[in-house]
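The structure's right below; bear with me while I get my questions together.
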Amino acid sequence: MKISATILTILAVLGLGGAALAAEELLGAGATFPEPLYSKMFDVYYSQTGNKVNYQGIGSGGGIQQILGKTVDFGGTDAFLTPEQLAKSPDNSLLHIPTAMGAVVVTYNLPGKPQLKMTPDVIAGIFLGGIKSWNDSRITGLNPGVQLPGDPIVVVHRSDGSGTTFVFTDYLSKVSPDWKNKVGAGTAVKWPLGLGGKGNPGVAGLVQQMKGAVGYVELSYAKKNNLPYAVVKNRAGNFIVPSIKSVSLAAGASMPDDTRVSITDTDAKDGYPISAFTWILVYQEQAYGDRKAGKAKALAKLLWWMTHEGQKYNADLLYAPLSGEVKTKAEKIIKSMTFNGQPILK
Amino acid sequence: MRRERLFRNLLRLAAWLVGLNVLVISITLFWGASPTLRHFGLGFLWSSHWNPVTDEFGALPFLAGTLATSFLALALSLPLSLSMAILLGEFLRVGWLSNVFKSLVDLIAAVPSVIFGYWGLMVLVPLVREAEMWLMPLGQSVGIEIMPYGVGVLTASLVLAVMIIPNTAAIAREVLELVPRDLKEAAYSFGATRYEVVRSVIVPYARSGIFAGILLSLGRALGETMAVTMVIGNTNEMPANLFAPANTMASVIANELAEATTAIHYSSLIAVGLVLFLVTTVINFIGTYIIKKMTVQA
Amino acid sequence: MRESKLSRRLLFNGLFRAGIYVLACGALLPLFLILFDVFRKGLPVIDWNFLVSMPRATGETGGGIANAIVGSLMLIGLAAAMAVPLGVAAGVYLAEARKSRLAYFTRLAVDVLQGMPSVVIGIIAYLWLVRVMGKFTALSGGLALALMMLPLVVRGTEEVLKLVPAHIKEASLALGVPHYRTVLRVIIPCGLPGIISAVLLGVSRIAGETAPLLFTAFGNRFLEFSPLKPVGSLPLTIFTYAMSPYQDLQAQAWGASVVLIVLVLATNIISRVVITRWKIQF
């Protein structure tokens, strides 16, 4: 008696579940760098089309892992795949579709929320542990008008595999031979010192809480939570304020067709040196596993929307929209998506 | 008659399923961890390098973090939980106040771990940070570097200490209640004070049961995940001292499993889970065994 | 000499007694602090909108936790659907065939399962369901929670059924009722309050679990009713929002904490009330 009742209940629940599968629901996971933008985009997309796009910010490392494991429809990453990672899927290539550009800013918790000037050496010194307190001469020298306390510098970095970390360490490796030798670049590195926060929100949260803390987060997280951030000296010798404009300028002239490019340490005169693209990863051939045509089409349409109509939500959240040239390349990549060999979008 | 047999077989099936479940769990853990075990061998346990970039994995930092936080939490909670046990087992055995205390202790056990973690993050961490800032010069003079992080082994131990109070309190209380009346009466008849009876008669008699309760608290502390993850600082290094950030076996799995990049990273995390499973099972077993022996005796 | 020794002993006694009371109250102090803080910060956040709307885009205010509430209820439902039939049946077996070898084996297994850290159970659910099915589902989260609930249900059922006096069972058998019917129609109903209480206790325990859900149910901003999709939950929402820098989300985390604590406390209290009020007199 009880057993059959239980079976009936389970069947009813599953049945209801099946009924709710009418509209396409897409699952994505990965970078927290663009998460504020994506959550806005997907909210709007849902109200416009009724399609749910469930994106979980677990870090670029997680995004790459889950798309490689095919447990999600798309992955989000700010660290484009290395040739080794691409080689993990030799039969079905992973496409990178850029969706926005953003800035990795050095944010900190100091009384008065000053906007500090920093050079690459200072940043490397702080995160290597060479510069231990805020009133170190190397910092005060650059910021004569600012009253800096003698508090120790508390370094906060990412505890998870992070594209933001990749962009930041990639930049530091380019500008500091010391950093390159001791730490190097990657989505997860062996930090010389500091605390780990989970995701961009985790790092921003810790910096917000601890006086004297310093961390690296995407611009949106700092600005929207009233955290001050540094003005960084770029290769041309100018101190650049991270903004949509300075990020767009960092994009530089050439971009490969698969859009996998690092734009840190740009030589653009007014470009912000720690800028980056962020990408969505999808498989080119969408008929894998038990995927249906409907889902593949929904995914391709979503990507098209994100790179076109969706771009108007970038600026408010402090992400730079894609330039015309990048958009063209993105369109080509999206159009190359196929289902059983047939292109999905005409 | 056929229904009878069907019924009996269904029941036996249920019992088998429950029993085999655990067997299958153990096998799954070993299977998942085997690449790491084969590659690193037992050296996995005492290597302190955990570097996903170079594919070097060693579980020592997490063993250290787990043991440090759990034992410190035990030490901090013991005076409180034993006092509660003595109070409820000796002084306030019955009555409405006794019931109130008992319910409140059970309430501690009911509060979800993530809420302990959130409170720890918002309330304890700033307090510990203040204390660390104050202690910094003192630490420097004895060569200990104290950074005012606020998060770290100490904070995690504090949160854990509160969470494991109910375990020891409940078991120790039950065991204290089991002490035979005539033993206590004999002591009182010699003119002993309450304190002396507790110290010299009750506690020694109930010693092993109290020890079992402590072991069960330890088992709980070893496996606690969320509250620890939120206040321990998430650093995959050996903690230099109490004030340093660290990671426990449970927290590193929670942090990294969804994003393990390579197969060996992935199986190393499962290997850590396996170690955690074995350690907690052994400790819980010893504790449960002692309690069973005590209750049979009584 | 003896006078002062006695007064010293009495002094120690008094100090001891006072010390015990102080320390015991000290043990309860954090609980009060936490509950006070949670309710103080969380109650102002809760209104009808908070409980029925979905989260808004990151950084925008006015969102709610409807997805988390529905998700939690769904996970609890799935867990109970899996754990209760299996657990009660196993508990009945243990109460009926107490000394058999299978009973010893099962009891051992239940003990091991009870002590298992929640994150290890999460690994298991991930390996068994998520890797195999190739997707994150509420079902895998429900499985992890069911494994955590199982020992409580088995133990509770066994304890309660053992308490049913032998003469009830013998009377039924003497009347010619077959054994299986005796168990189903007489013994289990006698123990029903205890079984329900054990189930509620299990629910109370799993309602607050987060770790296993991190890599099984995964999370979902939208309202989701299908067990084959990822789903949000209250503890997961609290965890995510608590660590974020957005003040509005932090406030929502307190609000969600209040909802979760109320849920946990309610099931806890009901489980006790069931035991004490609904007593079947033998």
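Residue numbering begins at 1 within each chain, and the chains themselves are lettered A, B and C in the order written.
Just so it is clear, contacts are C-beta pairs under 8 Å (C-beta built on N, C-alpha and C of every residue); 3 or more make two chains touch, one makes a residue touch a chain.
Here the structure is a predicted model, which is why all the values come from computation and not from measurement.
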item	value
Chain of greatest Cα-centre distance to chain C	A
More contacts between chains, A-C or B-C	B-C
Between chain C and chain A, distance of the C-alpha-averaged centres to the nearest whole Å	37
Whole-Å separation of chain centres (CA-atom averages), chain B against chain C	18
Interface hub residues of chain A, defined as touching at least two other chains	3, 29, 197-198
Of all residues in chain C, the ones touching two or more other chains	184, 243
Residues of chain B whose C-beta touches two or more other chains	10, 258
Sites on chain A touched by chain B in the complex	3, 29, 58-59, 61-66, 152, 154, 159-161, 184, 186-191, 194-198, 206, 209-210, 212
Complex interface listing, chain C residues touching chain A	56-60, 77-78, 81, 84-85, 88, 130-131, 134-136, 184, 218-222, 224-230, 240, 243-247
Residue ranges of chain C in contact with chain B within the complex	9-10, 12-13, 16-17, 19-24, 26-28, 30-31, 33-35, 37-38, 86-87, 89-90, 92-94, 96-97, 102-103, 105-106, 108-120, 122-124, 126-128, 147, 150, 154, 178-180, 183-184, 204-205, 207-211, 214-215, 235, 238-239, 242-243, 253-254, 257, 260-261, 264-265, 268
Complex interface listing, chain B residues touching chain A	10, 51-53, 125-126, 129, 136, 147-151, 233-236, 245, 255-256, 258-261
For the chain B and chain C complex, residues of the former touching the latter	3-4, 6-8, 10-23, 25, 28-29, 32, 79-81, 83-84, 86-88, 91, 101, 104-108, 110-119, 121-123, 162, 165, 169, 193-196, 198, 219, 222-226, 230, 250, 253-254, 257-258, 269-270, 273, 276-277, 280-281, 284-285, 288
